[in-house]
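Next come two complexes, and both contain chain A; in the first it sits with chain B, in the second with chain C.
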Partner chain A sequence: MPAQSFEARVRRQGGIAIVDLHGEINSFADEGLSTAYAEASSQNPAAILLNFAGVDYINSTGIALIVGLLAQARKSGRRLLTSGLSSHYVEIFQITRLADFMSIFSDEASALASVPTPAS
Partner chain B sequence: MTTLIRNFWQSLIGQSKPAPQATVMPVVQRPRLPPKPSHEIAPNDPLVAYFQNARGSVEVDRINLDSPAVRALKAAGVRMTVPLVSQGDLLGLLNLGPRLSEQDYSSDDRGLLNNLASQAAPALRVAQLVRQQQLELQARERLEQELRVARLIQQTLLPKELPSLPGWHVSAYYRPARAVGGDFYDFLYLPDGRLGLVVGDVTDKGVPAALVMATTRAILRSAAQRWDAPGRVLEQANDLLHPDIPPKMFVTCLYAILDPQNGRLRYANAGHDVPYCRSSSEVKELRATGMPLGLMPGMSYEEKEAILAPGESVLFYSDGLVEAHNPQRAMFSFPYLRTLVERHTGGATLIDFLLAELAEFTGANWEQEDDVTLVTLQRADTGQAATDSSQPGHAIRDKEWRTLAEFTLPSEAGNERLAMKEVTAAVQDLGLPPARLERLKTAVAEATMNAMEHGNQNRPELPVGIQLLASETVLAVRVTDQGGGQPIPDPHAPDLEAKLAGLQSPRGWGLFLIEKMVDEMHVIRDGGHHTLELIMYLGGDNNASAKL
Partner chain C sequence: MTTSSSQPNEGKPRDATYWAQPVSRLKVSGVPSEAINLNVDGRRVMSPLQGFGQMWQKNYRIRLAGTKSIPAEVIKTWKENFQKFWPPGNRFYAPLTSISPGEVAVLNLSGPGGIKLSTGIMVIYADDESFTFMTPEGHMFSGWITFSAHTEDSHTVAQAQVLIRANDPLYEIAFRMGGSRQEDQFWVQTLTSLAAHFGAEGEVEMQATCVDPKLQWSQAKNIWHNAAIRTVLNTPVRLARSLFRRNAINTR
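Our next item is the complex of A and B:
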């Protein structure tokens, strides 16, 4: 099996940092995911949205990485959202109870809509 | 001078081998007459001792001994005899009748004869040794050939494959003694998915035992298809075997029928070693009375029953194990075997454990006295689903299993994706709903990762084996690693709060996920391997969502 492909890009929309994830979330994604999360949180957003629309595989190591991100977010009192998870991974987020700690939205728009816009 | 030397035989007193004998030859009166049969000199004949002290040619009339050999010499018309002695052994006699000239033998004649004897004896000795070696070699070759035939018969008839019963693990070990005893075992596939299990031992060794074993096996196979009760099967086998079995031979044999659906084991025993059933709390003997097969017609066989709960196992064995001796001639024994079965607490399989103990007991230079046969039947320690009483043994109700795919992968990170692809392709005709296919793929990926990382320590040269079996209603995926050292822990729900609070590693989701993705998960330990068996029910109402 060739080296795994994973990419994470951070963009900002309103007060939310969106991390677009692409590829496979497994042990190879560790560094990329941490870097992206650090970048996202450095912007001090109201929430961080993990956009899984481009992700086709998450294994148990990937779950552990997400647990790690969630632990960081909780420590710094930051809300973590997800969007774009396939129904299978929504089920896995429910089974692992990650869904109890991060809001799951079917798409980016509904995730963004859930975060109150700060008064400008 | 008319002389003849022939058929001198072997040496004398004081040897442990059958006493070789010197012979007395008749003197041929006329050169062309065929020789009369030679005479053997008994090792205790006084002539033997006489020739150990007297050297050189001797006139027979001057030998004053009460000796059958001397009488035989005289009767044969021998006048002069010359002992052929080599390395202190009397090999034979060079016998001469009267000279044709009717004159006595001269001192020149005697000198010539003594000279001849001193040269002929060592040559004769060499010839004898060569001949002896040839005979021994021929005998050895005959024996080897017989052993080859016996071994071939046994190996041909022993099962080539172990039964694949999801939820159960069957192991077998057979090691013939050099002389090849009459041990055998057999697996019979019976209606309704039941498994017949035979372990037996024919008295005697070599080809005769192998032939009786072959006959017994055939009779049992046929009787097992006809009769449902193990006792009846043995009864039938006994009655059929009895008229034809050679005298003084018989067969001890245990026959058991397992219903894998509920763990019910019915058995009857024709005088075979009593199997041990091991549960978490105790070791029980599975006793049932009955005479060995082939001894007497019209025997009946007691029938008993045991229920094997998850995690329980049964050991069937032959006396080659319990009757093995250590260098001090102490026997391995039944009590010791029972103690070992009690002591075995997992890790290596019971068979590996017992063989290691046997090797330690007998020491390195053990010459195996008898065949050693071990067969174990273990009900898998199930995960939560298999103990769910609403679906008792659902996975193992079926009879026909077909192999959908079988492959191995090197233990390299990321190869679980290959496993997912292969499995997806292999199950495409089963009609799994998409959501269940996704769950299966995740379970297979996690089981493969588990095998690569924990079982095989990420060593690429150690493969992960994946086997897919399907019956009409059940799909079983078996993922096997090569690292028997580390037991697979029981799956448990990770403590997410503790992980989020940084009190626990964020990892440790694999087994939990697998168990949630499939309908049943079994852990099977087999010596140097672990197998995770993933069960998915097919069709009907079995496509409910994952277990939350």
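Our next item is the complex of A and C:
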């Protein structure tokens, strides 16, 4: 049985909200993930980047939670990006076909560079 | 927090053995001759995002009061007897190697008016306390179903969680005109049978949330793979083949 540890922290860079995810994404991550997503979307960012670099376990319930975030993002017309996924988790995103709907970047810099800077 | 451009977690994560390997198309094998094996071979799996209708998350759960079985025992039994707990008239042709990641099963389901619907599932995730099915193109729903058990207030709780949307406009109409209720009854009966197997009685609790109320018209084309239509259209072919086989045996 996986340990019940999950943490999500939100920071901002330019017009993008970055959610740093740590630990295990399973059913216990539900509240933490929802709270972080709500905080990230609160200032109407151009995109939200989920940084999976600190994630070392995702089960199928965790994938369902990410689908829920993706559904929210699509509803509000917001791009949801990912970075820091290991090759294993990139495979899982392909199996579950999340990769069809999320832009996957190997690192944060390339993810940020993909979002056009708003005209000042 | 700092991030780098290197790939993190390149060692094999703990969950690696629980997930299926990526496949582009499903491949069915070892299906009994009595099964209607249509609409699975060569199909791609569908996430809840690829469907047409509203996206629903539904949780069905039952407390196995009185049983000493721990969650892992419940899940082991559920995997081994998956068909047994289904409502009558529906068949789950389990994979030969049991419910394990990457396996594909054929389903023959009872539809309205006595029609049979042939479709399938792929096991995308399975560990000791949960397992998840993903549906293929043509299934009524695009999405996945997770079966799990956990301990709550010293009792084992078994649950089925679906995250689905109707796959095409026809299925969406059916879903709204009683299909949703039929789906609820299906899993209520399944969980009640599972509980009875462990000598437990109880009410199945249900919670439904509409995750995305929008219809995805870009996915209306999914109707091309509609398993209900294809199974019905294939019926004369199957009957003709069956007659031909019977005649061939009689003339020997």
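FYI, the second predicted complex is superposed on the first by the 117 of 120 C-alpha atoms of A that agree within 3 Å, B and C clash if a C-alpha of one lies under 4 Å from a C-alpha of the other, contacts with A are read in each partner's own complex, and residues count from 1 in each chain.
Just so it is clear, contacts are C-beta pairs under 8 Å (C-beta built on N, C-alpha and C of every residue); 3 or more make two chains touch, one makes a residue touch a chain.
Just so it is clear, the model here is predicted, and its values are computed rather than measured.
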Clash or fit: chain B and chain C on chain A?
clash
Quick one: classify A:53 as touching chain B (first), chain C (second), both or neither.
second
Which partner chains sit in contact with A:9 here, chain B, chain C, both or neither? Use first/second/both/neither.
second
Which partner does A:42 contact after superposing on A: first (chain B), second (chain C), both, neither?
neither
Scan A:20 for contacts with chain B and chain C and give back first, second, both or neither.
second
Of chain B and chain C, the chain that contacts the larger number of chain A residues:
C
Quick check on the superposed pair: does A:68 touch chain B, chain C, both, or neither? Answer first, second, both or neither.
both
Touching A:98 in the superposition: chain B (first), chain C (second), both, neither?
both
Which partner does A:84 contact after superposing on A: first (chain B), second (chain C), both, neither?
second
Pick one for A:108: touches chain B only (first), chain C only (second), both, or neither.
second
Dual-contact residues of chain A, meaning touching chain B and chain C, are 1-2, 57, 59-61, 63-64, 67-68, 70-71, 74-75, 86-88, 91-92, 94-98, 100-101
Which residues of chain A touch chain B once you look at their complex with the stated criterion?
1-4, 24, 26-28, 57, 59-61, 63-65, 67-68, 70-71, 74-75, 86-88, 91-92, 94-98, 100-101
With touch defined as at the start, can you tell me which chain A residues reach chain C in the complex?
1-2, 9, 11, 20, 51-61, 63-64, 67-68, 70-71, 74-75, 83-84, 86-89, 91-92, 94-98, 100-101, 106-110
Residues of chain C defined as touching chain A within the complex
1, 3-10, 12-16, 18-23, 45-50, 55, 57, 124-125, 127-130, 132, 134, 144, 146, 148, 161, 163, 211-212, 214
Tell me, which parts of chain B touch chain A in their complex?
412-418, 435, 438-439, 442, 445-446, 449, 494, 496, 499-502, 505-510, 512-513, 516, 545-548
